[in-house]
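Have a look at the structure below, then the notes.
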Amino acid sequence: MAGRVNGVRDGKQRFVVDCDGGVDDAQAILMILARSDVDLVAITTVYGNASVGQVGRNVRRLLRVADRTDIPVYAGSHAPLVGLPHTNYFYHGSDGFGDVPEMDDKYSDEDSVSDTADIEGAVPALLRLVTARPGEITLVCLGPLTNVALALKLDPNFGRKLRKCVIMGGNYKGRGNVVISSEFNFHVDPESAFIILNELSCPTVLVCWELVLKHGLEISEYENLRGDAAGGRKADFMKRIESLVVAKKQNAHAKYLPCDEIAAAVALDASIVKRSATVYATVELAGVCTRGQMVVDWTQTLGKQANATIVIEIHKDPYMNLLKMATCN
Amino acid sequence: MAGRVNGVRDGKQRFVVDCDGGVDDAQAILMILARSDVDLVAITTVYGNASVGQVGRNVRRLLRVADRTDIPVYAGSHAPLVGLPHTNYFYHGSDGFGDVPEMDDKYSDEDSVSDTADIEGAVPALLRLVTARPGEITLVCLGPLTNVALALKLDPNFGRKLRKCVIMGGNYKGRGNVVISSEFNFHVDPESAFIILNELSCPTVLVCWELVLKHGLEISEYENLRGDAAGGRKADFMKRIESLVVAKKQNAHAKYLPCDEIAAAVALDASIVKRSATVYATVELAGVCTRGQMVVDWTQTLGKQANATIVIEIHKDPYMNLLKMATCN
Amino acid sequence: MAGRVNGVRDGKQRFVVDCDGGVDDAQAILMILARSDVDLVAITTVYGNASVGQVGRNVRRLLRVADRTDIPVYAGSHAPLVGLPHTNYFYHGSDGFGDVPEMDDKYSDEDSVSDTADIEGAVPALLRLVTARPGEITLVCLGPLTNVALALKLDPNFGRKLRKCVIMGGNYKGRGNVVISSEFNFHVDPESAFIILNELSCPTVLVCWELVLKHGLEISEYENLRGDAAGGRKADFMKRIESLVVAKKQNAHAKYLPCDEIAAAVALDASIVKRSATVYATVELAGVCTRGQMVVDWTQTLGKQANATIVIEIHKDPYMNLLKMATCN
Amino acid sequence: MAGRVNGVRDGKQRFVVDCDGGVDDAQAILMILARSDVDLVAITTVYGNASVGQVGRNVRRLLRVADRTDIPVYAGSHAPLVGLPHTNYFYHGSDGFGDVPEMDDKYSDEDSVSDTADIEGAVPALLRLVTARPGEITLVCLGPLTNVALALKLDPNFGRKLRKCVIMGGNYKGRGNVVISSEFNFHVDPESAFIILNELSCPTVLVCWELVLKHGLEISEYENLRGDAAGGRKADFMKRIESLVVAKKQNAHAKYLPCDEIAAAVALDASIVKRSATVYATVELAGVCTRGQMVVDWTQTLGKQANATIVIEIHKDPYMNLLKMATCN
């Protein structure tokens, strides 16, 4: 592996994004695309903010807006590992992208979809890509963890071949969002989250719900992000698809809560992490109230080796810069 | 009920303490006994820091030290509602009182045990006392909640007859002490904690584990509490029974974590509460990791009425004063 | 205890019945009352086929029909140990007694209700009666086991003071009635069933759902039971309150399934048991499908002592005789 | 699909066997190999009676004995979907094959292992084989269901492409073997069993533990099976690897309990099924006692469509013939 320093070859970090096609997924992907030193090797899709089919359409729509249809998109799981997919919680609109018609996109006539899309599934693609570049890929997980858990079950060495894994998901103080005590991505597929935490043998960084709550943005502050780039395609597109969520927040005098955006930022620049804790964490699978809750062994009661780094606080300024870059050109 | 204002008759608050006979239970009882405006009507015992038989012996030993053998002691449950009693976790020594021989107490020849003790059990006594003075009794729960849950199951109006209930127990950020994610008093009898939270119809104040963690005392600071009263019986007694725990903390460069003491303080003086949250809280009964964990519905996902006030922060100075008064004479 | 042989004093067996006021409870009580060698010391009530208040009214109505208002009735639990009472499953009509108006009873003007009723609750009464006659009482449990579990939690020796306990409840092949895999009496209060099986230290006989299924009666066969006693008060009363259930069965070409009747028969005459198994049995408390299911350790996997005798088959003829005697005069 | 009648092309049924390398797996495979009208397309391996590596060695050793090294063997999962592999329960010896040294096999010098083995994993192989012959493959599952569940999660249409699936696993009266209430294959991977029962869209036949208990063979009866073929390689091999289990049974005066053998027989000849029930069945995932137990909705409480045919009884004679044929030449 000549020419590679710390998992980075040719001065480029290699990312694969596994996402569930919501507005924050879109923004996170744009944050990654904005970085010239990062090569986004592939995007895999998973049900979550919408059906997996819709997620695929959303991702391709976004790639057309960003003029990056060269990036292959691989279709993943349509349901959690165990049980049925949820049929509510479509926070970002029924299509995950704010329910604004694609035909109104200024660039909707483009349809140069990647060739490899849909020919290979997400799990085989993950296995192939990661096996081809052992130690190089940073996997950024922005949705339920079904695809990644399946990849790991098919190849127990999958984790060892990753550079690292950054996950938006879980909670570390028992705060729930869609249900009383668990976070959406873990809630909809607790078994996959359990598998990832307990079996993925690579540095694993968790951006949890309590971190998101700590870093909410005033709506005015959030809207300023688009200000400088009013006319750009990406800014224009984001403004359209985020308008539903922004309106909800405005009406409730609530803050915008960035989820996948923080995960992307942490993956792009580890130095934005101000405080973190490296611990053993797992997922409750059997509780009546707590199924899907992340459980942290803060005092090493179980005597298990640490398996995750929970981000506790981030530096706001560099984070805001990464967020602004997403749509600045 | 002439002559009673806000549940207080004749200028005296009436307390019943249900306790499990550890060092902090002893200190909490002394804090209550130190207050001339509080009438400690009875003490009921429950397994926890020791077997229920030992807890009864501990409480009577303490009452002899305090020269208050007039207070009746009623023997309660020897095991949780469902399942077997724990047989480990004897943090305060095997007898709950630091394993220092009673014969060495300066006052061990006294044995004027209360007449009513052991004739009536804790649950019938709780029902009788509370029914006799509806709206007057403040119940201070310092151990597993088995007795109180049984009283409530026998009389569904038990809670309505209380003035209020202050409980040391539970957690609100998923931090565990004896196990990964639950607090001792809730952990050893989750069903009783569930019953209390879901069915006790009176103002219920929770002093949880995270509050205790926030208010740890440096060992030097803790030892200063005894300074002024070196020769007193109570201070002398506390110094002897706490020496085991204090030594553990010193060796680990750790703080003394006051549990039942904070609950007693909150029960004695509500104004020491600096910050609190009134919420719906329940207890997970079925989890593999989380059985016994308290679960808080911070965002009213379940739409249930609030049933508990969680103390989030207390004022240190008045709290320290109450603590100091416990052994100051 | 002179004059007592094998728990029987003065040639009389002493029974206490704990029941939930359905049609089969009524018939079981009549079976017991028909036996001159049995002294029915008391009846305690519990929610189940109706609310506990309605169950009390049903039992007193039955005792008036049977001209036995001398038997005290004690009001018990209105809800299970943990959680809310069920609000469906009123199989025997909304009042548990087939929804036929009491005013039409031929004897509805009688209201000589037992003096002790409602003054003492079921649990204190159970404790008092059983403690007064250690080793003599046969406890026949025909409803959810809440009262009995509470008695046992208040006095750990409660079971040791019983002669034996015969329970209608549970299942031994995983067959459910109201839900997929548990039987009604265990389903509505699994924790109490668990406590009874694991902590009641007396011979415990279980009449489970699969036994009931094995001994269903053709409707014609069932109706013949009343034939000889057409004009009697008891037969007349039973025919009225059972008509709802009998009609359901007839319409479905299904058999009448005697539940509490078999338990009464087994309690009255152990020799009707043709086949039984003495095993360790417990109750699943945590399952998604199986909460409330009885679990039998047929092959002693757990190495625990046997705690229950499951009746596997009964002799039909003597059983039918006991059933017929219930309303024959 | 000309030339195919009812999933059978060219007069041959096509089988794939997924197995966990125990003595009964071996015998089941020999039963299938003995049938000239069945084409055993492939064998996939899974942990269970031994580690997955050992299972692969066992299967190849068996194929050398049977002179069928042309059949490809694909290595599957080394652990259940969720959680750790069990490390006890090695009933057939630590190697699954009675712990008799391979070097003593009369044919141990053969090592013509199939070319495709180990190059492709079990799950991709299952997907490829079944997709290539939609509607033709009978899948016979003789171990934990991890491989099959993974195949189904990767391709939701996997089941629809099968002719049928015959599974040795589960229980329908709550009888356990390795633990109190669940059967080994379901016990070690309950999530996979749950997925198969709830999502595999093909005729699914279950050979459960209670059926096995009903059809135990006296040891003498079992040993007679080898009588006619004393000198044959297969009979000789089976006698050596089964001697450990046979001795255990003899010492305990217990019967030989054929598991995988019955599943193979049912797969080879549906007419040996004497009685069966087509029902909705699922698997308990969360119970303390019942995790892994199969739960049957006998009375359609849940209103779900039937998803499995449980074999309740088989005809003994044709079954014994199939068993005898396994080693008769």
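Residue numbering begins at 1 within each chain, and the chains themselves are lettered A, B, C and D in the order written.
We take it that a contact is a pair of C-beta atoms (placed from the backbone, for glycine too) under 8 Å apart; a residue touches a chain by one contact, two chains touch by 3 or more.
Given the structure is predicted, the values throughout are model-derived calculations rather than measurements.
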Report task. From the options A-D, C-D or B-C, choose the one that repeats interface A-B, i.e. more than half of its residue-numbered contact pairs are shared. Result -> C-D
Query raised in the report: How big is the gap, in whole Å, between where the Cα atoms of chain A centre and where those of chain C centre?
Result: 58
Report task. Measure off the straight-line distance from the CA centroid of chain C to the CA centroid of chain D, and report it in whole Å. Result -> 45
Report summary line: Per the C-alpha centroid definition, the whole-Å distance linking chain B and chain C comes out as 40
Report summary line: Multi-chain contacts in chain D, i.e. residues touching at least two other chains, fall at 285-286
Query raised in the report: Which word fits how the chains touch one another: line, ring, star, complete or other?
Result: ring
Query raised in the report: Which residues of chain A touch chain D in their complex?
Result: 77-79, 81-83, 121, 123-124, 146, 150, 153-154, 156, 191, 194-195, 198, 285-286
Report summary line: Seen from chain C, its contact residues with chain D in the complex are 172-181, 282, 284-291, 293, 295-299, 301-302
